[in-house]
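A short worksheet on the structure shown next.
In this document, chain identifiers A, B and C correspond to the written order of the chains, with residue numbering beginning at 1 in each.
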Amino acid sequence: MTTASASVGWIFRRPHRVIPGFGATMGLTLTYLSLVVLIPLAALFISAAGMGPAQWWGILVEPRVLASLRLSFGGALLAALVNGVFGLVVAWVLVRYDFPGRRLVDAAVDLPFALPTAVAGVALTALYAPGGWIGSLLEPLGIQIAFTPAGVVVAMIFIGVPFVVRTIEPILADFDRELEEAAVTLGAQPLQTFRLVILPAVGPALLTGISLAFARAVGEYGSVIFIAGNMPGVSEITPLLIVTKLEQYDTTGATVLAAIMLIISFLLLLGINSLQKWRQGRVAA
Amino acid sequence: MAPIIGESRLLRWTLTAIALAFLGLFLLLPLAAVLAEALAKGWDRYFHALLKPDALSSIRLTLIVTAIAVPANLVFGLSASWAVSKYDFPAKSLLLTLIDLPFSVSPVIAGLVYALMFGLQGWLGPWLQAHDIKIIFALPGIVLATMFVTFPFVARELIPLMEEQGRAEEEAAVTLGAGGFRTFWSVTLPNIKWGLLTGLLLCNARAMGEFGAVSVVSGHIRGLTNTMPLHVEILYNEYDLVGAFAVASVLAFLALITLAAKAGVEWWHGDELAATRRH
Amino acid sequence: MIDVEHLSKTFRGVTALDDVSLTIAEGELVALLGPSGSGKTTLLRVLAGLDQADSGTVRIAGIDATRLHPRDRKIGFVFQSYALFRHMKVADNIAFGLKVKTRSTRPAKDEIAERVAKLLSLMQLDGLGDRYPAQLSGGQRQRVALARALAVDPRLLLLDEPFGALDAQVRKELRRWLRKLHDDIHITGVFVTHDQEEALEVADRVVVMNKGRIEQIGTPTEIYDNPATPFVYRFLGNVNAIPCELRAGKPRIDGLDLTCEEPDGHSGAGVVFIRPHDVALDAPRSGGVQAVVRHVAALGAGIRVEVVLAGGTVLDVETTREERDRLSLRPGGAVSVAARAARVFVE
């Protein structure tokens, strides 16, 4: 079965499909997909494209827009990296060690998936505001988290937790113990075995998890806007700016900004995917 | 399964402590904070806040939206995973990427695209107004935005599961004379029921909790177009902390039940679901 | 060089090792032979330190190594599935053990490169140093695994079913090659196999194991010619195992004159073991027991004949083409049967 020949012949030849229902299910799938996702997204891009390059550029270089892009993408990157490091530790501990309550902790990792973003937002704010449990500990040290960019990053870390952990866990769990044993019999110290044998195997999954966390954090709204402070140019994330523009009836601005955000995200993810495919090509077993 | 690389016990304890501290800080504390703030003025005020009419109508709206969006995405998810796993066709990976698309789109943008199409200034705006059909700032808009955001959940759970299970059983059913729907109902469905349940749980949790997308299309009309998350925001902005956290606590409770149910399914039927972890 | 004393290990309710003791001299190549579940791989891994026994001691070069970490045992271990580091080139795989040494003992970069080159040559892998394991054949990967284990100059080489995953032809070549390698570098080696031909061909001594116990230790000749237990008889080569009646240690089967004796003088049920090539056929009515030929099959260069004795006992016989022609062996024909050698056991 080659896709190449099938893609031409598909139109002319009706392949013999044993299991019934292809027409119905494909039809339903494509229709639903188009109506709910594709057409609305297309509408966005068509509207935005209709504005012309001058408009695009004008909006892109607005200081407020630039600041928000910096915060959204930069903060998401930082949060994703933090999740990369700690997520690896968490996955390692959950997979390789045992302690009472381990299963409970493992289930809890999915909390940011299940918890509504607004709930997370108000909860984090309550925690990190100057009067909150953590905020009150940090205030005497002169560290303020709530209503600053730092708060944005904290919220972004929260929602990214499951992405890295869940992507790495299966890789660690399936990891061939014999490779570790080989390294040990060859005299490697624990850190060496981890660095030279285990980490390279986990690397691609780690990268995937980080980019998933990144993508999620860039667009995050509900968890972030409560703790952010939302001061234009300082602690305002791009999604909020889009909403603000909408509320001010600047539909054009909102649309173009949304399109810009989507394109940057798309390019970044494409870049990461290609990087991974290239690395995989060299060592595919 | 004893680890062999030989890290010292101290290192193991340290790593475990770091992992638990991280999770405690980022996951446990916020939950505790919700509860603490909700009950800050006692149980009386807590229940009082939940029984206010606006709060109740936000709960009702959330339930209605979920009751429409989740089944719709269920049907779609089943349809899509059936199409992907039982047949070969060109551009399958393109389809898969498109299905995953809502995951990479900010919820705000999800709401925006509907506002663009159906809003007063949108493409279909004037036509809708002429026919007195309200989509934006009304229930249909909220449902649509929720559907967009929760679109991939069921499909993402089922596709790897069904691909792993293969087509042999369905093909056998067909050779024995079963029609399409019968095959699905009697052969496929029993095999995928746990994956389906997991997908439904996640879809449901997200549908109930969606904030950004709904925020854009809802218009925030109290008592009418406020879902629970939106209501939390309103109360919070009015400094009614007990009220806000009371509603939030209900949502948090639902989230915990979702997690528990999901964990339970994985515990007892984990091997059947193993395929879905390799997204 | 290696002293194992009274090793026992139970794993999940199954007895993996049952009071195992043995000694391996320096420079010996020893095979651990047995069916799956016999404990041979467990024993190998305990020697390596990858698994711990519940009781007993392991001494390596005179030092108690029972609790010693595998890293510190100075062993080379070759895994059944090779366990090559797939993201590292062949040369880096081989150099791994040298590169992870502590700074004080680590050789210089060029010395490492030189050693790797020598090993590549020794293993007939010249020119493959820059390839990745995925680009090599099974036999080549095996040799890389071996090179990697040898690079750190281990004093003991342990191999777990080293040729299990290869096709018959490659297996035969590598067997011969391993033997030659051992003869050249005189390293002490222990390898696990379930293939008796492999054990007999390659090893200096063979340890036959069954259900966690050692059945017999000896040179290939010893264990084949003088099996100590019924299990060893059955496991190595073909054998006729005939139930019989013992009277004061002497067996009787269908009139066959058997000179073997059960040493303890038992009476009652027993089993007589006769190798097919120890059954002598001759013209009918020329002494020995009379029998009828049931089946004659040509197996490559030799002939296998099934004969049925008067009382119904069936014997497998291995003989030559010349004998077949001399005696005109064919189904239904008559022959005389005598046993050149036999052993009897009480089972």
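General remarks:
We take it that contacts are C-beta pairs under 8 Å (C-beta built on N, C-alpha and C of every residue); 3 or more make two chains touch, one makes a residue touch a chain.
Small disclaimer: the values here were computed from a predicted structure and weren't measured.
With chains as nodes and touching pairs as edges, the resulting graph is complete, every pair of chains being joined.
The chain with its Cα centre farthest from the Cα centre of subunit A is C. Every chain gets a centre from its CA atoms, and the centre nearest the mean of all protein CA atoms is that of A.
Taking each chain's centre as the mean of its C-alpha atoms, subunit B lies 59 Å from subunit C.
Rounded to whole angstrom, the centroid-to-centroid distance between subunit A and subunit C, based on C-alpha atoms, equals 55 Å. As a whole-number value, the distance joining the C-alpha centres of subunit A and subunit B reads 16 Å.
In subunit B, 4, 6 are the positions where the chain touches two or more neighbouring chains simultaneously. Multi-chain contact residues of subunit A (touching two or more other chains) are listed as 181, 183-184, 188-189.
Residue positions 50, 69-71 of subunit C each touch two or more of the other chains. Subunit A meets subunit C in the complex at residues 176, 178-179, 181-189, 192, 196-197, 200-201, 282-285.
On the side of subunit B, the complex with subunit C involves touching residues 4, 6.
Residues 1, 3-8, 11-12, 15-16, 18-20, 22-23, 26-31, 33-34, 36-37, 72, 75-76, 79-80, 82-83, 86-91, 95, 98-99, 101-109, 112-117, 119, 121, 123, 144, 147-148, 151, 167, 170-171, 174, 179-181, 183-184, 202, 205-206, 208-212, 215-216, 228-230, 232-233, 236, 241, 244-245, 248, 251-252, 255-256, 258-260, 262-263, 267, 277-279 of subunit B are the ones touching subunit A in the complex.
Across the interface of their complex, subunit B is touched by residues 50, 69-71 of subunit C. Note for the complex: subunit A touches subunit B at residues 1, 3, 6-7, 10, 15, 17-22, 24-26, 28-29, 32-33, 36-41, 43-44, 47, 86, 89-90, 92-94, 96-97, 99, 103, 105-124, 126-127, 132-134, 157-158, 161, 166-167, 169-170, 177, 180-181, 183-184, 188-191, 193-194, 198, 215-216, 218-222, 226, 238-240, 242-243, 246, 249, 251, 254-255, 258, 261-262, 265-266, 269.
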